[in-house]
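Per-chain numbering from 1; labels A, B, C and D assigned in written order.
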Amino acid sequence: MTRIHESDSFHTDMAIGNLTYDKKITALLVIDPYNDFISEGGKVWDRLKTVAEANGCIPHMLQILNAARKAELRVFYALHHRYRPGDYETWKYIAPVQKAAWLHKAFEYGTWGGEIRREFEPQPGEIVALEHWCSSGFANTDLDLQLKKHGIHQLIVMGLIAHTCVEATVRYAAELGYQVTMVKDATADYSDEEMHAALAVNIPNYASAVVTTTEIVDSIFSTSQLTLEPEEIHQ
Amino acid sequence: MTRIHESDSFHTDMAIGNLTYDKKITALLVIDPYNDFISEGGKVWDRLKTVAEANGCIPHMLQILNAARKAELRVFYALHHRYRPGDYETWKYIAPVQKAAWLHKAFEYGTWGGEIRREFEPQPGEIVALEHWCSSGFANTDLDLQLKKHGIHQLIVMGLIAHTCVEATVRYAAELGYQVTMVKDATADYSDEEMHAALAVNIPNYASAVVTTTEIVDSIFSTSQLTLEPEEIHQ
Amino acid sequence: MTRIHESDSFHTDMAIGNLTYDKKITALLVIDPYNDFISEGGKVWDRLKTVAEANGCIPHMLQILNAARKAELRVFYALHHRYRPGDYETWKYIAPVQKAAWLHKAFEYGTWGGEIRREFEPQPGEIVALEHWCSSGFANTDLDLQLKKHGIHQLIVMGLIAHTCVEATVRYAAELGYQVTMVKDATADYSDEEMHAALAVNIPNYASAVVTTTEIVDSIFSTSQLTLEPEEIHQ
Amino acid sequence: MTRIHESDSFHTDMAIGNLTYDKKITALLVIDPYNDFISEGGKVWDRLKTVAEANGCIPHMLQILNAARKAELRVFYALHHRYRPGDYETWKYIAPVQKAAWLHKAFEYGTWGGEIRREFEPQPGEIVALEHWCSSGFANTDLDLQLKKHGIHQLIVMGLIAHTCVEATVRYAAELGYQVTMVKDATADYSDEEMHAALAVNIPNYASAVVTTTEIVDSIFSTSQLTLEPEEIHQ
């Protein structure tokens, strides 16, 4: 499950092996840290709990978020549409994954389940993209625009659920021209089978690196050092 | 591997169970029927052959294409970029799946491998979308435009490779608002594991139906009958 | 200023001359009916008032909206981003039109100016697309998705401001494959020059018809009659 | 007609006044330099000639292209779809600008009119985006992808026709997040009225600078000097 696609010679600012990134063009992308997904009592947590806990998903996500903030990497949030009354009712066409969201009223607007888990709340200067209707954080939202407006080309991706929103967002990111790093122990899924399909079968085709939390945190800190300007170092 | 997500009450023109479609808004989408993929001697055929033959992939694809043409369903082609000298060389960012395409010069422009297999050649009135650079037939092409220009809302999808271009195109179709039917025995992959990830784990979330060639051919013919106008019947 | 591009033989359900539409695939698109634009006391109203009143803009918009609702045409809203604190501050790149929106805090979220004028408030079953950041109601929003989900191919467009959001949305609609009808006396602008650039120079290249309120209201009603089902007629 | 929207403090690498650009993120975008548009004998040249010659359009375009190549700015081409037999015939919906292209068989594939004028032919390392069907070089093509793959955020735009393809491409560029500079004397149109609508009314809302050929050529050369690396200077 841990095939790592070593990065390449295409982007000269990126030294893989010890994994460093150019802070100016790199962002952390956090996918769906809703209470319904990752908090005790959330609508979907019971189905995700086993894989999430085995993978250390929540503490790893928190560790990476804190590292990114400390290193001053820009943080972006890709969030699923929060259910509101009337949604879907007039649609002629609907995908199974949307029917499920409708049925379960996932992330219901105005409820605790539809709020971001407290430790992951966006801070000033962090960008929350418009909510998406299916699985990809890019489709029918301003995520691509917001990344461009901040000069971002490389994404470090973490969050939920591996084989739906995460894989969809990683695939779209690659289709649209971004360089992606996936953190494999900062995600979760309903089952090992679905986790495997995402992390071992599909994502390695679209993410240039699939890494652990330890690896990415090390890289983020070495990154922030590498991009210091000489005058900053000597201050 | 054959979970079928029964269609729903959302689209009234569609009667699942005996699977019928409204011909005016339904199209067949053929993905990457290049010699390199599906012809003896093609660059990738040896890696696909085992699964393809076990699945009856090529004869099924042909059977469906012929049925669609006979029933006058509109046919669209989603094709991967054909390698041309100079491609990728100036890119700063590249996904692993693109590096592989570059390395193997897949579907090299001007060679037999980069031609569509003879039996699948587009006929007049069939639409060949612009070539795509990654896996989705929609990303950075005119496929969505061409479908709109023809009033299409429902897609019957077949072709190669299940967990890359096919899954990517099905996912994008759902993200963009199309209703998708996937024909599970008219596709192939490198291994059963990858086939399973596509057909059993992921595609059922985005395709409203995952069906066999027999089922779809039956539906196509019943469809064409259903959409006959009274005056046509009596002629 | 009133060149009308007569519709064509491409869409058989549409009879121009007496302008009828197939209700099932036609929607009314209302652009930016914010208090800041079209209400006495709104931030921009004073600059728009002269042209708006000469054109009968507001009463015409209301007349069309009421006709569309009575005829059960689906209504969609394309709305500009409402200013929120922090917006734009972290952007590296910004267009002049966005700098102006930032400077003036147009449609400020939580204020009366950022609310839709009372008579134009969306009703249940009407679709409000995600807010856009520049001028086109399609760019970086779910408008295209929502139109597809409702099977819409033809748009009747009205609203503000002619040479920015309206023209941008009409251009995008055509680029994406929609058939557009522009209502020329249900829009307004800062000056006759800008109005002329939009309505006479540019929009006729992208809208298949540029019509008056009287013409479109007549068409909407004849449309709704045409699409009545037999059982409805006999009730 | 020459309102210049001075650039701003948002992008620190850009010093307007003496207009410099960061070469690594800036590209020249050449729009539709087809023989049909800009060569004696081309199908549309007679209608464009008066404005083009008064504006010095062709020599200015050439001067800028040569400057960009000398300064090693990356060059991209946005090209309109070349007419091929069968095009448009099956479309249910078509915009007036597309009907005109169909009628005139503009840029017919395989003919001299559909070739790029000799002096403007793309050179190795220059990127020709997929052809577009309406007016924007971005819609339904890989232009956005190609710009991202090369790390481009700023576009210097020149070419034809001001109020259709040029304005459409500038508008889309801004909508998608690019910073745009328009060269006002390296474009042309059918009439002064249409030229004015594009250059004076609309483009200044979306382009951060509207400049002359002399200004942009000066900037390009100062840019290339500014971005020279120390080792390059001493070679």
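The working rule: contacts are C-beta pairs under 8 Å (C-beta built on N, C-alpha and C of every residue); 3 or more make two chains touch, one makes a residue touch a chain.
Predicted, not measured: the structure shown is a model, and the values here were computed from it.
**Student:** Quick one: which chains contact chain A and chain B both?
**Tutor:** C, D
**Student:** In terms of C-beta pairs in contact, which of A-D and C-D ranks higher?
**Tutor:** If we tally the contacting C-beta pairs, C-D comes out ahead.
**Student:** Per the centroid of Cα atoms for each chain, what is the distance between chain A and chain D, given in Å?
**Tutor:** Computed from C-alpha means, the inter-chain centre distance equals 36 Å.
**Student:** Measuring from the mean C-alpha position of chain C to the mean C-alpha position of chain D, what distance in angstrom results?
**Tutor:** Centre separation, chain C to chain D: 29 Å.
**Student:** Pull out every residue in chain C that's touching 2 or more other chains.
**Tutor:** In chain C, the residues touching two or more other chains are 91-94, 133, 139-140, 144-145, 148-149, 151, 153, 175-178.
**Student:** Taking the touch rule as given, give the residues of chain D at its contact with chain B in the complex, in rising order.
**Tutor:** So the residues of chain D in touch with chain B come to 74, 86, 89-94, 124-125, 127, 130-131, 133, 139-142, 144-145, 148-151.
**Student:** Along chain A, where are the residues that touch chain B in the complex?
**Tutor:** For chain A paired with chain B, touching residues are 5, 8, 10-11, 91-97, 99, 134-136, 139-140, 153-154, 163-164, 167-168, 171-172, 174-180, 193-194, 196-197, 201-202, 204-208.
**Student:** What residues on chain A touch chain D, complex-wise?
**Tutor:** 25, 144-145, 148-149, 151, 153, 175-178
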